[in-house]
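In the two complexes that follow, chain A is the common piece, with chain B as its partner first and chain C second.
Up next, the complex of A and B:
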């Protein structure tokens, strides 16, 4: 016990001494939160649309106005000299709209008219949204032209239950915090271990009779404390800076956070124990922490969309569980009934990571 | 079991019981590489046991196994009757690199080490204070370890190893890269500890340090070849040593080397050590050969062989030569004139914040000259070198380099300069071949010469056919050799060497100096810093740097002649006690122990001095076997000057 405490104290002293690491520990997560929560947004807004109006009648202009009135699109005219395809090629617009000649006349005669929407499909997600928007605008335009209600049997009434304003910040803000708590505690813990291998101070530790368990636990405790400090700083930003608030009981969130921070620290410990080289350990922490959290946790892309062999891998990504929990706490407020699996899964993962670290270090000897 | 077998088994059993450390049949393989090939050792309680051998002999592996931090492949290790791993709580282990936490203070380092060993807070405090006081560093308790000088760091590491009050101390090259003054203090501390009954095993590349050991083992290629007291080893050669001082030393060395009847001739500082079977016959032969070659002999003295002689002789017998492959010169050297100034400095100063690292240094080095810069750790040698070769901008003053003034970093100047930095300048994660290719490319070595140059570097480093090895896996001394080779491949006209031989074994050190001398012969200007004062003797001129100031300049013999007082050498029956006693009674710097010989510097004339010192020792019951005056060595000069400056309060080093 005494040796564990000695280890904890030494780690914390070193961390405070080393200004660079200290800044890395506290300033970077806050910066990341400020930057990423503002930058990550999937809302489609002000997409440039180039319009070629070959009709030039009040009705065609009315349609164009309807497109421009939508928040999603920003309309600009495309001279006839430039073909719509080349407008997309040259990246002048993400979509072009061509209104054929005789647009108004045909409509007034009650004939069917075809409008062309040429949508840049490079970004499939945005293209999809544009298609939907274009359809919706056209539908409501049709409705205006023919005020008689269409004879439909089913009328969907959609209402957004959680996050009624569909604000991205409420969804991504806590997500970024979860993301930061994967990146930084993992990185710091990995560095704390690999540095001892790099500078050969590990030999002095081997010479003493401290066990691998005590040594690793000391490191994990120290860096979990640091992770808590980071988490609290992040929460302050979310509350005070972004004006977010919890939707329900904070108890489940605190407990889940405890296991999450423990888990990411253990992951770093495992990496650092296996890689006695600081540069390589940073790479490993970034690759396994950053990449998996970004891609496999549901941070941006829902886990359900990940194809099978990879989706299995996502079970080992701690952020996956925490993301559910923290989003629930901020948006749904479902409490224990919704959250209980997360802390259990995180505790199991922590155990797995710590055990791996321990099995690498257990001899406390130089490997030949 | 026959009686004889039983007797010998009993004897082994008894010896094992008596030994502090007992090693039998120890081997260690790293994959296909056999680092340790069967070692038997027995270290007695309370002795200082020295393990000496060239780089890559397997010393560090032995230490790691004894320290219980690495598994042996086979063999038996018993420390204080336990296995190495179980004995860890009685063993203090000092690794080759400073294993301190640089971002923790002195006190915090001690505390962490103590707490890992389950000591109580008061205990750590008490012991910590005692050892810090013993090493004269109580004032630095709150300083960060990273900001201590090399010598101080090493003493702190020792204090950390001592905090558990170990019964056995394992020290793996504790004084590599530490300046002579600090080395001396470190060894005095070791002598004290051994006096208190601690068993010490130490590896060192400095053979003058090995002379202070109780017993010494010579290790080579994973085996131990000879064990004994320094005296036994010296005498086991069966040869006598002649110290020859003559006019042209390098030529005299070659001439004597080629003479049948003379076993060995080696340059050692300002003299030649000539090994012969019989003193009188040998002296006659040497005088005759040298007279025939037209070399004037100034003095020939008979003396006992040194440990270094024994070591070199052993390596020679093992077929390890110090023959240096000739440098494949491509003729670019010829563009310079001998005697022109290659490196010039006028009043160079450098400030880092409020720290004055270098003050008003002025010096000149001509083509064909070897200039040695001596100084303790932190005296400003590296900063001076960096200013001279244009890597660091001086705060004030002006330098000139290879004819250029002011801007020293132009391409054409850089092409004519070679620089070997103190830290290995090679990439650890490239192979030796890749490193050499890279440096040949960077320095613009013509393509057609590259293969030959690379072959030369490998053969100079003793690594023929091993160019595919990872540089990081080489022992320090070999890396130094490769780095040296890489720095001269492009045939520079000015060469800067920052401690080229630190951590290099004696034989390789000689090869370095042979090479350096041969470069100077073809008009290269060389500026070198070194901690080995016997090497400094080979420089044409020397500058002594103390606290950033050049306090003395001159030829080695000039500096020695300028030293005030007389140097007495005494041989006593208890050198350690005599050393301690005299240090208490006189100023500490006047007394030092060289192996079993005591050096004392006195101001009065030699006869009175000998009488006074002998009286003091006899009064304490110490017998003086022999006493006489000796010429000053550079080390004496160096230590005296540093002490003089320290008295005047000029050492900024540890303030």
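Up next, the complex of A and C:
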């Protein structure tokens, strides 16, 4: 026990004295959280829409106003000299709307009228949103057309639960925190172990009385403490900086966080133990802590959308479980009934990673 | 003329660098495997298209009319019925646990109101924890009910406006086309910076830079000879990325291939400039790689390669103007998907050229100062 504590103290002292690593450990996560949680969002606002109004009547203007009143669109007039397709070709607008001549007259005569919406499908997700908005705007325009009692057969009342304003920050803010907590603890722990191999100080450990288990546990404890410091700094930003708040009991979140930070530190320890070269260890940490977490955890788009052979791999990505838990804690407040699988899965993964690290290192000690 | 070039110091330095890189097998592998994997993985994994959203139903009405409504929801691929619930409370609990994505509540008087030709209200509860999924699910539901309304309205005949929605360039709304075209630029810049910083810092770390300084070659010659082979290798990556995007996802190339390669080369130069800049701030390869942790995430996130720029807050959008990945994402998408030509893209091309020039000259200046 004493040996483990000594190891923890040595690690923390070393970290504080190394300026670059220290900045990496505490400053960078905070900066990233500030930047990324504001920048990752899929809710497009003020999409430029170019309008060619060939009718120019009060009714056509009313439709255009309805489009402009939507938060998603920003309307600009398109001169008739430019064809609607070329406006999209030249990136002048993301969608063009053409109102045909005789728009008002036909409607007043009781004829059906077709409007042309050309939508730039380059960005599939945004195109999908634009399509939905265009349909909704037209539907409410139709409802306004009839001054007589509303004749719509079925009226949907859509209620958005847990996040009524559909704010992306509430979804991505906690997500970025989860992302940072998989990136940095993994990297720092991997560096701490591979540095010993790189500088050959590992040989001193070999001849000392410390066992592989104690050596690894000391590293894990030290970097889990660092990870907690990072996590607390991140939570302060989410609360104070972004005004988010937890939706329910903080207990399940704290316990899940404990296992998550343990798990990412163990993952780094495993990588560092297996790769006694700092440059290669950084790359491995980047691959597992950055790329797989970014792609396979559901950080931007849900895990269910990943095609099957790849989706199976996501079961080994710790961030996947933590994302569910932290988003639940911030938005839904489902508590234990919703969250219980996360800490169990994370504990199992921690055990797996630690065991792998230990099986690499277990024969290290020089037998006296 | 050719003889004179070949005899020059520059050429021999160039050959030295080229051989050094070719013999470094790890570097060569790094230039081939990660770009291929990245493009395929990103194209596959980042997929916003929604199918099989789990829908729970509370049908108090239980009439042919209400069943028509429910079946209208399941006709498409978007929603699938996950279960029927006896009360809205049960339904709410299921959504709260994350077992359902949306819930539909049909009231007792649904069929009666339909028969009387009054407006019947139905409630749709959407789990909005994921704002994007919720927006799209709500949009689909509105469209489903709108088309049902239209079917009903045909008998009552009244004038309506129907939007004729046409999707250009990517009619199948394949998100992989959006992601891969954005990723190419990101890959070129990241690869360029990693390889060039590694090769410059290595000379510093091993102390061989002193030996190079002893040779009659000038510092600018040294820098050019260092950078040129990397540039050629990355030019190979441009082609590789195109082929992978084409084979794996069928991304078309509707514009000029020459223009694409030209602008992609500018992108590579930006990456090399970034790598040189990092090399002037660090002493060891490990430090250089750690610096990458400071530069790469903002480069990736503030580029519009994976999420739209329009979704960023207004104060952040101008910042993306200094990001070469952003400009190249616009160029790549315009050339590949829209078939645009240079007269449309001159702003982005100019921006890319300016960024490349500034990066290279500032870092070359810093490097020369450190060398002398």
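The criterion applied here is as follows: the second predicted complex is superposed on the first by the 354 of 368 C-alpha atoms of A that agree within 3 Å, B and C clash if a C-alpha of one lies under 4 Å from a C-alpha of the other, contacts with A are read in each partner's own complex, and residues count from 1 in each chain.
The working rule: a residue touches a chain if its C-beta (ideal position, glycine included) is under 8 Å from a C-beta of that chain, and two chains touch if they have at least 3 such contacts.
The structure displayed is predicted, hence computed values, not measured ones.
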Clash or fit: what happens to chain B and chain C when chain A is overlaid? clash
With both complexes overlaid on chain A, does A:30 touch chain B (first), chain C (second), both or neither? neither
In the superposed arrangement, which partner chain does A:116 touch: chain B (first), chain C (second), both, or neither? second
Just to be sure I read the superposition right, which of the two partners does A:171 touch: chain B = first, chain C = second, or both, or neither? second
A:39 contacts which: chain B (first), chain C (second), both, neither? second
See if chain A has more residues touched by chain B or by chain C, and give me that chain. C
Tell me the contact category for A:204 with respect to chain B and chain C: first, second, both or neither. first
Go through the superposed model and pick first if A:301 touches only chain B, second if only chain C, both, or neither. second
Given the superposition on chain A, at which of 95-103, 275-283, 347-355 or 437-445 does chain B overlap chain C? 437-445
In the complex, go through chain B and note every residue touching chain A. 28-30, 64, 67-71, 73, 88-89, 91-93, 95, 97, 99-104, 108, 111-113, 115-118, 144, 160
Contact residues on chain A for chain C in the complex? 20-21, 24, 28, 32, 35-36, 38-47, 63, 85, 88-91, 94, 106-107, 109-129, 131-136, 138-139, 141-142, 145-146, 150-164, 166-168, 170-171, 183, 187, 278-279, 282-283, 286, 291, 295-296, 300-302, 304-307, 310, 324, 327-328, 331-332, 334, 337-338
Give the list of chain C residues in touch with chain A in this complex. 38, 41-42, 44-50, 52, 69, 92, 95-98, 114, 117, 119-136, 138-143, 145-146, 148-149, 152-153, 156, 158-171, 173-175, 177-178, 181, 285-287, 289-290, 292-294, 297-298, 301-302, 306-308, 310-313, 316, 330, 333-334, 337-340, 344
With touch defined as at the start, can you tell me which chain A residues reach chain B in the complex? 2-3, 5-7, 9-10, 13-14, 17-18, 199-201, 203-210, 363-366, 368
